[in-house]
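Both complexes below contain chain A, partnered by chain B and then by chain C.
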Partner chain A sequence: MAEYETHEHDVLVIGAGGAGLRAAIEASAAGVSVGLVCKSLLGKAHTVMAEGGIAAALANVDERDNWKVHFSDTMRGGQYVNNWRMAQLHAQEAPARVHELEAWGAVFDRTPDGRILQRNFGGHKYPRLAHVGDRTGLELIRTLQDHGIHLGMEVYMECTVVKLLKDGDRIAGAFAYYRDRGRFVIFKAKAVVLATGGIGKAYKITSNSWEYTGDGHTLAYDAGADLQDMEFLQFHPTGMIWPTSVQGILVTEGVRGEGGILVNNKGEQFMYKDIPDLYKNQTAKDPEEGWRYCQGDRNAQRPAELLTRDHVARCIRREVNEGRGSPHGGVFLDISWIKSKIPNAPEHIKRKLPSMYHQFKELGDIDITKEAMEVGPTTHYIMGGVKVDAESQMSRVPGLFACGECAVGINGANRLGGNSLSDLIVFGKRAGEFAAKYAKDKGAPALHNDQVEEAARWTLAPFERAGGTEGPYQIQYDLQNMMQDLVGIVRREDEMLRALEGLGKLRRRAQEAKVAGNREYNPGWHTALDLHNLLTVSEAIARSALVRKESRGGHFRDDFPAKADKFAKVNLVVRKGPDGQMQLEEVPIPEMPEELKQIIKEMG
Partner chain B sequence: MAEAITLEVTRYHPERDEEPSLQSDEVPLRKEWVVLDALNYVKDKVDGTLSFRWSCRMGICGSCGMMVNGAPKLTCATFLSDYAPGPVRIAPLDNFPVIRDLVVDISDFLIKLSRAKPWLIRKREKPLSEGEYLQTADELDTYKQFSMCINCMLCYAACPVYGLDPLFSGPAAIALAQRYNLDSRDEGSNQRLDILSHSDGIWGCTFVGECTEVCPKNVDPAGAIQQYKLTATKEWMKSFLMPWGGGE
Partner chain C sequence: MSSTDTQIMITLRIWRGDANGGKFEDYRTPVAEGMVVLDAVHRVQAEQANDMAVRWNCKAGKCGSCSAEINGKPGLMCMTQLTHLPLDEPITIEPMRAFPRVKDLVTDVSWNYRVKKRIKPFKPRKPDASDGTWRMGQADVDRVQEFRKCIECFLCQDVCHVLRDHHLHEEFIGPRFLVHIAALEMHPLDTEDRLPELKEANGIGYCNITKCCTKVCPEHITITDNAIIPLKERVVDEYYDPLTRLWRLVWPKKNPNDV
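The block that comes next holds the complex of A and B.
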């Protein structure tokens, strides 16, 4: 083992987006030694792409807001299969986390009296998203990065973790390689925090970049943790669809929050045709009322465009399928129309949505102050993830914590926009705090040489396969197409059975995929290793989606289009069985305490 | 392929190669393609060993900065067709050591960044329960532009002073220090003079503004540097007298 570079930390954080940085900051502040590993450069993680804002019931714009309303909105958005305790903690703690970020220097747009400004977003009853223009994620990650760099944590950049190491039941560290030289590195740690984000790269059309291959999900699964709610996948309704080179890139919900409307090729504002019962009394009865809401009329209800993401995505799909789509297979999102309502509309749009203006101008040669955008659903976020304790964020593997997108709980069947950035800072802090506490309480674990050698062998295997001719890119490409077609936004039993069969074949191909060249900066090799993660999360998604014979939130079954009572009471959990095969269990949702039930009832 | 353009990419493997070489590849010239699409085409279809950084594809992460025909650009926001009929020459960012091909070592910048003390410095920090520090829209406007930086390093690649004097803190770090100095919530400008004291670079910087020219987010680092020279002179004088800036 002496041949590998080895580092020892009390707490090792894997992933340096908002959740990982926040966890690392908290653990460092608790006085333990912290290592932070990231796949790309520090500050470039996906959090940087978040646009709309951070949901927190600050009540700066509408004093009727409070944590109870936020809790209730989050549960409703998640169709009540959320971990209610996490939803409660999230709603209660988000305001303090936002204030903390502000005190560290984060820039926010302001109300006339100088407080943090909040904007409307889908599924939130009151204007709730603290934001700066439409680049809130950049501000969040920059603030955490700048705050974190002087706390003394060690940062290991462009470094990918491939296996977690254990000492008996408990976590002992991680095995990784540096992407540039291909050298192996071992991290010995008392506690490990996973904060690796999502799985978007299992799909063809996604807002996610190359990094999002389900690493944390798979590391945890392989180490014996449970994954839950993997069938719940968020297709963001508004991704760019043209030009094809930018297909899938996000168009912020903030466009609709500022009054943007969704229109089909007949000029109809089709979102008003289908309003779910759960939201009937919270939704405007016509576009005119919707516009008044966006202008701050407190007696008006939210426009139908701001219904939850799962519903809006399905409505767009329906319009396209029934021949009312836009030329490139989406629908129109129009913010330019507000020029008929307010003076200086182009300046207003550029001020409120500067990044969107530039994104369309630069990438699509479209002036959004003058013409409509073409948009369609894009794979954006997975609600499912590593099952953790609500208070501490620890998984069933002692010493293994998870937070942010790779953990499960607050979102249930569908995440509300803005609840992700707040999730990162609320549960990132908790994970860091409890990981540090765990590390202080425990002695050092032992590293076991056989595990390290096994990990090294596994990692080098793609170079040593005899006879294999196929490279990893084609397999990844085929996987993305298959998941898009067979386990996508609308699902059916026969298609998912085909997908499971297809996954088996793809796994066999992946086990034979051969990589040319050597270990030095070899993207083909990296992809070959990522395939294991992509295939694992894809199987978890397909298996869970097959068992949930109903439609709820981000999981829609063509063959079971309604909600079923039976499934309202369970979460689906997958774990690795003793034989190495994936096992699935229906786990009853714990009964909600009376006082939380009461809150939901009161909020209507 | 109907229309094509030649991409001339710098290949370099410092441990193995005496010096960088150029690799020429034909790539499709599609109207909607940016330079990054062409690089990914080469990596996926022609030569899987070509190394470069990228992530978001939407001009916000700041990973994909490279020299395109001699000018620093974000390759995800630079259209290939603007360089037709070609060839388009892609090289790593100037003024940084090369790790491999188009990947450069930016660790020097991270050190300079922390020198800017990019966080609010307060005489008294108030408890979270008291809520946010108030700030008017006008106060926000005085520094907002300087807060748009995405750490893409284009300004360092363009900076003639940094090219000659690596001790110079450089445009983005100074703009960041100035962003905090101008922030009405901050009271620590006299503690940020360090950013300037490591070299005489700042006095060599003229208002030519190459950094501002190339900034994809219109941060205007050159403007920040000029402002900083004035602030710095004043603060230096004050810091001799009162460590907290005279109770402003």
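The block that comes next holds the complex of A and C.
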């Protein structure tokens, strides 16, 4: 083992987006030694793609807002299968976490009286999203990065973790490689925090970059932790669809928050055709009332365009399938129409949505202040993830914590826009705090040479497959196409059974995938290794989706289009069985305390 | 791909090699309407050169990972549309020149991270609003927000002749970090004083305002006019203005909380 570079830390954080950085900051502040590993360069994680804002009941724009309303909105958006304790902690702690960002240098847009400005977003009753134009995620990650680098944490950039190491039941560290030279590195750690984000690369059309291959999900699963709610996947309703090469790139919900409307090829504002019962009392009766809401009329209800993402995505799909789509197979998202309502509309749009203006201008040759955008659903976020304790974020593996997108709980069946950035900082902080506490209470774990050697062999295997003929990219494409077609927005039993069969074949192909070249910055090798993670999370999604015979939030079954009471009471959990096969269990949702039930009732 | 795509064949001339040297290699690949340079590079990588190193992430101009020199011009590969380039001749793509090469299109940009760590962090004044926070007007934060749009692509560092041609990395922090310091110095809440380092260790005097950095900034930050020149003026006022020097003799130290 001596031949490998080895680092020892009290807390090792894997992933350096918002959640990982926030965890590393909290653990460093607690006085323990912290290592922060990121697959990319520091500050490049997918958090930068979060555009619209951070949801926190600051009540700066509407004083009727408070944590109870935020909690209630989050539970309603998640169709009540959320971990209610996490939803409560999130709503209660988000405002303090946002103020803390300001104390660390974040510069949010301001209200006329100089406080943090908040904007409307889907599923949020009041204007609640603290934001910086449409680049809030960049502000968040840069603030955390610039604060964190002065706290003494050690940052390991372009470093990919392939296996977690254990000492008996407890976590002992991680085995990783540096992307640049391909050298191996071992981290010995008392506690490990996973903050690796999502799984978008399992799908063809996605807003996620190459990094999001379900690493944390798979590392945890392989180490014996539970994954939960893996059937709940968020298809963001508005991704770019044209030109083909930019398909999937996100168009912020902020466009609709600022008054943007969704229109089909007949010119109809189709979102008003189908309002779910759960939202009848909270939705505008007509587009005129919706516009008044966006202009701050407190007596108006929010526009149908700001219904939850799962619903909007399905409505768009319906319009396209029934022949009312746009030329390239989406619908129109129009913000330019507000010029009929307000003076200087083009300037207003450029100020409120600068990066959207820029993105469409540069990539699509479209001026969004003059014409409508074409948009369609894109795989964006997974609600499911590593099952953790609500307070401490620790999984069932002692010393293994998870936070952010790779953890499960706060979002239930559907995440509200804006709740992910707040999730990152609320639960990132908690994970860092409790990981540091755990590390202080425990002695050092032992590293076991057999695990290290096994990980090293596994990692080098793609170079040594003499018989393999196929590279990893075609296998990844085939997986993405299959998941898109068979386990996408609308699901059916026969298709998912085919997907499971297909996954078996893809796994066999992945085990034979061969890579060319050497270990130095070799994306082919990295892709071959990531396939294991993509296949694992894809199987978890397909198996869970097959069992949940109902439609709820981000999970829609063509063969079971209604909600079922039976499934309102359970979460689906997958774990690795003793035989190495994936096991699935229906786990009852704990009873909500009376006071929280009362809050939900009061909020109507 | 959709049926409306029409494909044509182009040639990418990509630099392949490492710190020890390398050469350009030509790849023929089909491209369709709307594709950006990064799409074409990915296609070559997937179909012809699995081990070709390229750093990228968001593919939407928001993370600043895929900086390179395209036909000799520094830019983000994900935001450079192929149709804006002459496609009847080879398109050359090479790594940034101001940083050491790692492999193919990937350079070692770690120097930038070390520089940032040396810069004194944000230090706010005490909260002064009744709710324990601060009040700031939008007009007071507009300029700082412009600087905070920076995605750290380091293209401004790449074109800066002080770094690119004269390799004064030890004496000059480059436009990116002058923008960073400007964002901190002009932050309405900040109380730190970074002028002594600006003059000495950060080498602001090396900048002779050729504005190359401003021209390549993908975020359109007016780097020279809005960040560097005001900082230069502050340094001049602080160290070279006779009245200020006299003032400093009488009141030598400023109290950071006395704003």
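One rule holds in what follows: the second predicted complex is superposed on the first by the 604 of 604 C-alpha atoms of A that agree within 3 Å, B and C clash if a C-alpha of one lies under 4 Å from a C-alpha of the other, contacts with A are read in each partner's own complex, and residues count from 1 in each chain.
Methods note: a contact is a pair of C-beta atoms (placed from the backbone, for glycine too) under 8 Å apart; a residue touches a chain by one contact, two chains touch by 3 or more.
On a predicted model such as this, the values are computed, not experimentally measured, just so you know.
Chemist: Mind checking chain B and chain C on superposed chain A, clash or fit?
Modeler: The answer is clash.
Chemist: Which partner chains sit in contact with A:Lys563 here, chain B, chain C, both or neither? Use first/second/both/neither.
Modeler: A:Lys563: touches no partner chain.
Chemist: What is the contact status of A:Ala96 with respect to chain B (first) and chain C (second): first, second, both, or neither?
Modeler: first
Chemist: Looking at the overlay, what does A:His328 touch: chain B (first), chain C (second), both, or neither?
Modeler: Touch status of A:His328: second partner only.
Chemist: Which partner does A:Lys440 contact after superposing on A: first (chain B), second (chain C), both, neither?
Modeler: A:Lys440 contacts neither chain B nor chain C.
Chemist: With both complexes overlaid on chain A, does A:Glu362 touch chain B (first), chain C (second), both or neither?
Modeler: A:Glu362 sits against chain B and chain C alike.
Chemist: State whether A:His448 touches chain B only (first), chain C only (second), both chains, or neither.
Modeler: neither
Chemist: Can A:Arg492 be said to touch chain B (first), chain C (second), both, or neither?
Modeler: Touch status of A:Arg492: no partner.
Chemist: Once the structures are superposed on A, label A:Arg170 by its partner contacts, choosing first (chain B), second (chain C), both or neither.
Modeler: Neither: A:Arg170 stays clear of chain B and chain C.
Chemist: Mind working out whether A:Arg465 is in touch with chain B, chain C, both or neither, as first, second, both or neither?
Modeler: After superposing on A, A:Arg465 lies clear of both chain B and chain C.
Chemist: Report, in rising order, the residues of chain A that make contact with chain B in one complex and with chain C in the other.
Modeler: 40-44, 46, 48-49, 99, 102-105, 107, 109-110, 113-115, 135, 137-139, 142, 146-147, 149-150, 180, 209-211, 242-246, 249-250, 355, 358-359, 362-364, 471, 473, 516-517, 520-524
Chemist: Please output the residues of chain B touching chain A within their complex, sorted ascending.
Modeler: 13, 30-34, 37, 43-44, 48-49, 51, 53-63, 77, 99-101, 103, 106, 110, 113-114, 117-120, 125-126, 128-129, 131-137, 139-140, 144, 147-151, 176, 180, 183, 185-186
Chemist: Would you pull the chain A residues touching chain C in the complex into a rising list?
Modeler: 40-46, 48-49, 99, 102-105, 107, 109-110, 113-115, 132-133, 135, 137-139, 142, 146-147, 149-150, 155, 157, 180, 209-211, 242-246, 249-250, 328-329, 354-355, 358-359, 362-364, 471-474, 477, 515-518, 520-525, 527
Chemist: How about chain A: which of its residues touch chain B in the complex?
Modeler: Checking each residue of chain A against chain B gives 40-44, 46, 48-49, 58, 96, 99-100, 102-105, 107-110, 112-116, 135, 137-139, 142-143, 146-147, 149-150, 180, 209-211, 242-246, 249-250, 355, 358-359, 362-364, 471, 473, 516-517, 520-524.
Chemist: Over in the complex, which chain C residues touch chain A? Could you list them?
Modeler: 1-2, 4-5, 18, 32-36, 39, 45-47, 50-65, 79, 81, 102-104, 106, 108-110, 113, 116-117, 121-122, 124, 127, 132-138, 141, 144-145, 148-152, 184, 187, 190
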